[in-house]
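Several structures are given next for inspection.
Same chain, two partners: chain A is paired with chain B first, then with chain C.
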Partner chain A sequence: MRNTDEKEETSVYRRVVLKNSSPYHYMRVCLVVDDQRIRPSVVELKNFIITGLRTLHGQAGAAINFDVLKYEEDSLTAILRIYSRGLVKLWSSLTLISSYENHNCAFRVNQVSPYLLALTGNSRDLQLD
Partner chain B sequence: MSVFMDLNVPFTDNHELLQQLIQTAAHLGYSTVAINYMFEPSAKNKQVPVPADISQLIGPLPLVQGRSRPIRVLHRLTVVVSDPAHFVTRANAEEYRPFNLLAVQLTSEKLFHTACLQYDVDIISIPGTEKLPFFFKRAAINGAADRGVVFEVSYAAALRDSTRRRYTITNALSLMESCRGRGVILCSAAEQALELRGPYDVITLGVLFGLCDADSKDCVSSSCRSVLLHAETRRTANGIVSTRRREGAGPLGEAVSAKRAKVI
Partner chain C sequence: DATQHRSEELTQTPRHLLVCERSSFQDEKNRLSTQVEMLHFNYKVSVLLPECSSAPSQLDSVLNSFTSFYLIKNLPVHELLDQHFLQTAVFQGCVYALSYRTRIDEDNCVALMPNGRLLLSLDKDSFELLGFEGKPSRFNHRVKSRFVVSVDLTSSCMAPGGSGYLRLVSGLKSRLNLQMDFLLLHHPGGGASLQSLLSRYASSEHRPTISQCRLSDLSCPVLESCDPSDAHSLLEWLGAVDADISWDSSCDFVSTLVCPEPKMTLSSALRVSVCGFLTPQDIQRLISELRCYLEQSRLGSWVSLTVHGFVDSPVSWGANEHGVLKGGENLYTLLMHHDGTYHLHLATGAYDSCPP
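What follows is the complex of A and B.
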């Protein structure tokens, strides 16, 4: 359900109210490969994840719709958006992915949230004195 | 909420690799890990391994992420039993005393049944590398659950190739069907640091194995804690002292009849 603030038509901000459970989940994942020189591009990353889905869940798994919203190639960190219904399938296939181009690798899932805003910060990265 | 534990990190002679494994486990958020020593008794080899000193093995213990206290490292012995003579059934056997946890891995249905109902162990290990030669019987599984013995499913074999992944999932699914999600723990058995997965990843894997969310979370947290408590009582309880109030000992002894101790 969406209520747009009609008074400020020029405003770029939009208020979004979710009354039911969120349709999407967002995940921040990081690819760790034992060979540091390997830097897959965003297309290769998405293809790699789809291959992982297909090996674990078959054709029906590969048909799950997900998006790579953002990808930082230097840290190999990506933000994925997935329909909540497919979350467990995507997450379990990410867990069972173990090799990329004959190199050992692992997906570290850093954050999972139904709200994209929650991925802006991570309390575990804070340096507390 | 209990903390996360990984009760199966295989022992290797390569100390650097072991150090790396423990460091990764601490970074992923595991508060306790158990170093696993495999022991396959045979006619030639009857020597039970002796655990190495942890401070010599890995040096200073790394801090657990998010808890700022060092990780706890335990010793665990897994005995691969293919013949009843391989396992010392006597309670508090001297050979097994240096280890915090005692596990068995069975190769036949008869042994599995005996182990579930009689063996004085903490963990029964279900291999992920091969197809089990028998089905799980409800009676044996329930007997194990009543005695506080848990079953262990390890996921590292599922990461290595697709055949072993199929075996792991098959074995896990048939186990979950018979035990209905109680008394199971999920461990890594990872030989390299990149085979370790975070606790929440393992919880999702538990959902894939047919558990519900809450049971799946228990597999890496509270079930592991109950295994540790079970192991502690197994190692320390040598006898039982029971006390009973004497009949007519004092005014308290003549309390309301409903509260009086039953004399059997």
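What follows is the complex of A and C.
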């Protein structure tokens, strides 16, 4: 498989095509809990997700590194960053999480992208009326 | 064996492409304006001006003069083939139309491109009801669950009154009866040539929304070399600035995000974004204005501009079919330097072709 193709025309011009090269994937997720008063802190949220990873993928899953880049406690939305090779494991464990401190809950995955930039320019957020 | 195969599958991600281009405005063969023009349906443009605390007045006036667009409700798609509409709007300049709040991974989506090409991205049932030539979508051609009908309204075989024209109109009108909300604009001239259409249906005019934010003490990578191997860390940094992600996380446990090295601190920076239904022509004007701004500013300065295409557009660049698998991203970032050179990064997701 050819990953890059380079053309050299002038001293300045250069074009490189990178395929599947993003080291990370980014997820915009939202935690929905049936008890509205529950507001986990960012550390509690991260711990909670790690617990979910451990439940589904064992100790190896719990060791997967991911970052909570941004967390809004009011809306319980977060931007996560995960090494691309861990994306499927993180996503699957988020899907199967169903209870937070004995309350029903679910993670809604709103957007996933290899580019963090894409998360701030999602045309599905366009509200006109 | 099977276990190993499964664990390999668990580490794979959908295909994505990033094109990194370096060129110069002085180079006569630079293709920037073509590349900008080819992305027809733009949702958002955001600009980052380092060492700048308030937008220069010329830039402000360009931002405020972005073309207004219209939202038109429950428009029967055959109205886009209306003879009067074709003659007053489509054949005179460029009409941009895109179905609104339709999702290309589950709904029927329609777009009218500025060159007069009408695109219908239809599910299998709708396509069969329509009874018009089309091709299976390239992204699921095996299961054939989605079809793309692409018609050049300016070609002689689609001349109003001709057999091809009548077949498509009757398919859209009596068999499929497709209606949807549309974002619509006309370039140049704004709404005048669209009036007869707009007056017959519930419609509203919208201005693109402008937002400005002043940032201070921003950690910033030194943008000298900009090697393609650093492209992702540069895009991540720009993304973090756009998403208001703080760099100095107090807690390593929560986030290990750091500003790429070598880095510096910008005492101030201005982030401006425009959101709505934006034409490539307006973005082109914004780029020229930013070039003027750069020429007047001091040595070594730069400006970045990021444009996001519509996720649910049936095309991305040119007539390249576009779809959503996970993200549907089609975006580019232009990093312009003081000396006239620029770096352009064009990115697409799984259901897309290689950007131009």
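In this section, the second predicted complex is superposed on the first by the 107 of 129 C-alpha atoms of A that agree within 3 Å, B and C clash if a C-alpha of one lies under 4 Å from a C-alpha of the other, contacts with A are read in each partner's own complex, and residues count from 1 in each chain.
In this section, a contact is a pair of C-beta atoms (placed from the backbone, for glycine too) under 8 Å apart; a residue touches a chain by one contact, two chains touch by 3 or more.
Bear in mind that the values here come from a model prediction, so they are computed numbers and not experimental data.
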Chain B versus chain C as contact partner of A:V43, first or second or both or neither: second
Dominant toucher of chain A (residue count), chain B or chain C: C
Touching partner for A:R124 - first (chain B), second (chain C), both, neither: both
Contact residues common to both interfaces of chain A (with chain B and with chain C): 88, 112, 124
In the complex with chain C, residue positions of chain A that touch it: 4, 9-10, 12-26, 42-43, 46, 65, 67-71, 79, 81, 84-89, 111-124, 126, 128-129
Chain A contact footprint on chain C (complex, rising order): 9-13, 15-24, 27, 29-30, 43-44, 46, 71, 100, 103, 204, 206, 228, 231-232, 235-236, 238-240, 242-245, 251, 253-257, 275-276, 306, 308-312, 326-327, 329, 331, 333, 341, 347, 349, 354
Chain A contact footprint on chain B (complex, rising order): 28, 65-66, 158-160, 162, 165, 192, 194-198, 200-202, 204-205, 207-208
Chain A residues within the chain B interface of the complex: 32, 34, 55-56, 88, 91-92, 94-96, 98, 104-106, 108-109, 112, 124
